[in-house]
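Every chain is named by a letter (A, B and C) in the order it is written, and numbering of its residues begins at 1.
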Amino acid sequence: MQFRIVIKSEIGKKKRVLIFLGSIIAALIVSGLFLAFLNLNPFQVYIAMLQGSVGSVYRIEQTIIYAIPLIITSLGVAIAFKMKFWNIGAEGQILMGAFMASYFALNYSFLPRFILLLIMFFAGFIGGAVWGIIPAFFRAKWGTNETIITLMMNYVALKWVVYLQYGPWKDPNAFGFPKLANFAKNAVLPELFGVHIGWIIAVLLTIFVYFFLNRSKKGFEIAVLGESAITARDAGINIFRTIIFAMVLSGGICGIVGFIEASGVEQTLTKDITGGVGYTAIIIAWLGALKPQWMVLASFLFAILIQGSSYIQSAFGISAYSAQLLEAIVLFFVLGSDFFTRYKLIIDWPSLLRRTKENGK
Amino acid sequence: MADRSIYVEMKDITKRFGSVIATDHMNFEVAKGEIHALLGENGAGKSTLMNMLSGIYIPDSGHIFIDGKEVRITSPRDALKAGVGMIHQHFKLVDVLTTLENILLGYKTGLFVRKKEQKIKLQQLMEKFQLDVDLDKYVYEMSVGEKQTLEILKTIYRGARILILDEPTAVLTPQETNKLFKIMRRMKEQSCSVIFISHKMNEVMEIADRITVLRKGKTIATLEKESTNPQELTELMVGRPVDLSIKRIPALSDNIVFQVRNLSAVNEEKVEVLKNISFDMYEGEILGVAGIAGSGQKELCEALAGLYPIKQGEIIFKGENLAGKSPKEFITRGISMSFIPEDRLGMGLVANMDIVDNILLKQYHHSKGIMVQRKPAAAKAKEIVKKLEIQTPGIKEPIKNLSGGNIQKVLLGRELDSHPELLITAYPVRGLDINTCLKIYDILNEEKKRGVAILYIAEDLDSLMGLCDRIMVISNGEITGIVDARKATKEQLGLMMLGNKEVHHAV
Amino acid sequence: MITVAFFKAAIIAGIPLLFATLGEIITEKSGHLNLGVEGMMLMGAVIGFQVGYTTNSPLLALLFAAIAGALGALIYAFLTVSLRANQVVSGLALTIFGTGFAGFVGKSLMGMKMTDQFNYFFRDLKIPGLGDIPYLGEIFFNHDIFVYLGYVTAIVLGLYLYNTGKGLNLRAIGENPAAADAASIPITKYKYLHILLGGALCGLGGAYLSLVYVPVWQENITAGRGWIAVALVIFSGWNPYKAIAGAFLFGGLDIIGFRLQGTAIAISQYIFDMAPYVATIVILVLVSLRKSKKNAPPKALSEPYFREER
């Protein structure tokens, strides 16, 4: 054994942040090599990405529009994650929320705008919540593995929306094109400061989730349950009810994203409405250590990454998938860097030298 | 024994874990054909030192010599090559494999496993060392004693001549312990060396040839058994004279506060784990519960706290039958339960949360509103830390960073803080050093004086016989008898733990 | 409608699932839950297609598909074995990476077709004797060589796990790494090798999709099959033999929507497209209802092992 690993004593916050930043820089260097391999100047690309995402008021607005669903979805999944319930089903919960909100948008557009939007908001919440309750019930009742179930439900939701889009909800006025009718003006979220008011919902939900997780009894119970089911039971916490409650909230909040995206961005329901937000949000929740304030920050970083990538796509002709690759590379490095906050690597010189000597013989 | 030749020598061994020095320039030597006891309190560095001899840990500095030659042991494989095998407190066995498969693990056997040949070899070995195990039995079907014998066989089969046993008797009945000692003596006859890690004085005095005492990461002394005595060893171990006797306060009254009648329960596999349990508890008495590990202690504790579903029976607390009520109602009636499992995890505490949140866990039910109130919990935390002398950097420290003894004090402090009238406590001194044990016995006696009925579950018969008023023995989910702790003998309790009902003298 | 042709097609549709399931079984037996199956399948699919398309050599295509899957697994192995990173998140990251990678590489392959030479290589070959059994012969023993490779892989893995010393060691690592370590089994080496082997099998599963099953390059060609494979591992109780049955059952569910199209049953194809996913949910729930020691996951699954951890 030439290398060995020992446990580090607790390290400070400052060092932790440094290791995190170091890993991001390492990821950018590796991605840079990749870009250089494609005959592109990585510095130009990175600068262009920044310009593309925060270079003008309009671009900042676009970045914020990307950040909104990321923030809210990561808040939603964080509640489940706090309970160590691996809700990978945000995609499906968003789709079902969007579906429910769209139902009212398409059929009740005669209602006054405020009332209709309020109904759509709650419909979105319920759509997501129902999609959250199903895996929660199985897990609470029989201990069924929720990771795969939530994931499978993403596909079920997706196929459901595809079915609507190609079937019963197809817009007869779209010349056979498989799309839904656009929402009426009444069903579209108004704008404030150039961005649809989903951002206000995001701010309010961030505050709500912060207090919920840190100060409320239910949030406390969820955290205890996540750490140890036995302890939770000993303390008199009703495990079944807590799991269901947490997933109603988790799925419901993701469902709200469906409402916001359908009403504020697409102004209709499409199968692509999530744009992979449900998966990215999992990463964000993890990066932000389930702390709402950090998750908001991480959401903006990813929004910049996504908006920047779509900009360089046109500027440099790089595939849209480069954003996903970049995302994954950053993630790999951050995941790996965690090691250095917990362990110390020691090179065992005596045995290394001995080994080389033996090989030399 | 002048012709003893040195077999193992460890010199200047230092090992740190983070900022903790586990062994500080330790020295240790073992001769051929001797049983050498390593004596010390928890955290003295016994296991750490032996883990370095067996290749689990790698020393930060120091030298190890075996048969006079320096060796570098960086893995269990290196250790076995040098002839060192260790049997850990937590057995390193794979539950879903058989005895034979466990023994053959990692053994070079060619492409396919030739089980028949290996079996013959093993039979011979078993005869030589007088070991007795069923080669085709699955580990998950075995008793603790069987698992231990399997571990010994496995280690010898792989060529160990130096056997390290880490607290082997902690989980055994007196009878099983005697059997183990026979095996150890047999090994000695075969000129193997046995290193016996323990903190039980009487066992050390019975089996060891020489004794090395460790304290707080340092080697204190190596003594011949003939020329020392328990009092001297204890003083070396603790570092100052201690009075080992446990005080017993006479029981207060004959008011019955708690009655259990015909309690039965089944587990998930529909096996009956509690069979027709009936007993009474009086105000201000300590009722001990003795039994082999896994005889139903855990289920009994949980059933009495409303946490384990019962099939039938009554749990009558101050005249009210609580059977079938929710755990929360047990808590509000004044019944408190604390269980320290072997690994100390999941014992009603949350390792990643700080002391305040762990105190809050039993308090937040009582406050009004939907928010939790941390301020009163923080005040309580400070109080408990002070009263029980808990060593911690602060009340905001995640309890996983505290030492085992301090974690157990947090748990006990929290449970006592709820001023229970019935305190169920299982293994409260598990793995604690002598001083902390005595402190905890004092705390329990204080509660007893206040009239609290205490159900005290433990594995150490000495403490049971010293502290309790009566001892209830359970075996395989059944009560085999309730005896007067003042009159009980270890042999009698041991037989009852094995399921023998004849020997009990009801009180 | 439910005919020999249907069952035969179900086998073919099940083959990518079989490879991926076997890959994940061998990975999980080492104590590692790799949720990157989808990603590794996509990497294998796109590299297999690219190499096959450029070299026109089926064997090279398969080799590189396996290597691509293994390389994806290598990232995961380095993160979770050496750096002890969270296995769930690392697997998800690998899926994101694989999806991005396949999209990136596959952009220029969009809509491309494999050559006739390729199709000839993967033509149906009837096994003499077995292939002549009425009904069953046609269903099971009149396939391309890739299908037979799937059968063989499953059986070899079964023998390896349950009948060899190395297989015994591997199972011990997944159950109780501390015990395996004490038995001097080189844990890190075993973990790396089996995670990589698992990745290679996933890569082959992906390659079957792009080279034989479809065989035109299209975006997101796996369509969640990697995730179904993860569920199939649970369904088959971590047993390679049972994985064969599971994979073919889901192969059937996969094609049922398409097969029912234009028949008397008047339910939209899109609703039937949900079948494999809904079935996965139902089966997982059923599996969780019957608990037994034999079908339990490896006990140390997704727990990092560090000898000096206290």
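Assume contacts are C-beta pairs under 8 Å (C-beta built on N, C-alpha and C of every residue); 3 or more make two chains touch, one makes a residue touch a chain.
Computed from a predicted structure; not experimentally measured.
Of all chains, the one whose CA centroid is most distant from that of subunit A is B.
No other pair of chains has as many C-beta pairs in contact as A-C. If each chain is reduced to the centroid of its CA atoms, subunit A and subunit B end up 45 Å from each other. Subunit A and subunit C, compared by their mean Cα positions, are separated by 27 Å. Multi-chain contact residues of subunit C (touching two or more other chains): 308, 310. In subunit A, the residues that reach two or more other chains under the touch definition are 6-7.
Residue positions of subunit B touching 2 or more other chains, listed in rising order: 17, 75. On subunit A, the positions that touch subunit C within their shared complex are 5-7, 86, 88, 138, 142-145, 147-149, 151-153, 155-156, 159-160, 162-163, 166-167, 279, 282-283, 286, 319-325, 327-329, 331-332, 335-336, 338-339, 342-343.
Of all the residues in subunit A, the ones that touch subunit B in their complex are 1, 4, 6-10, 211, 215-218, 220, 223-224, 227-228, 230-231, 233-236, 348, 350-351. For subunit C in complex with subunit B, the touching residues are 163-166, 168-169, 171-172, 175-176, 178-185, 291, 293, 296, 299, 307-308, 310. Only residues 35, 75, 78-79, 83-86, 88-90, 92-94, 96-97, 99-104, 107, 224, 227-228, 230-231, 234, 268, 270-271, 273-274, 277-278, 280-281, 284-285, 287-289, 306, 308-310 of subunit C touch subunit A when the two sit together in their complex. By the touch criterion stated above, subunit B contacts subunit C in their complex at residues 17, 56-57, 75-77, 80, 86, 88, 90-97, 101-102, 104-113, 140, 158, 268.
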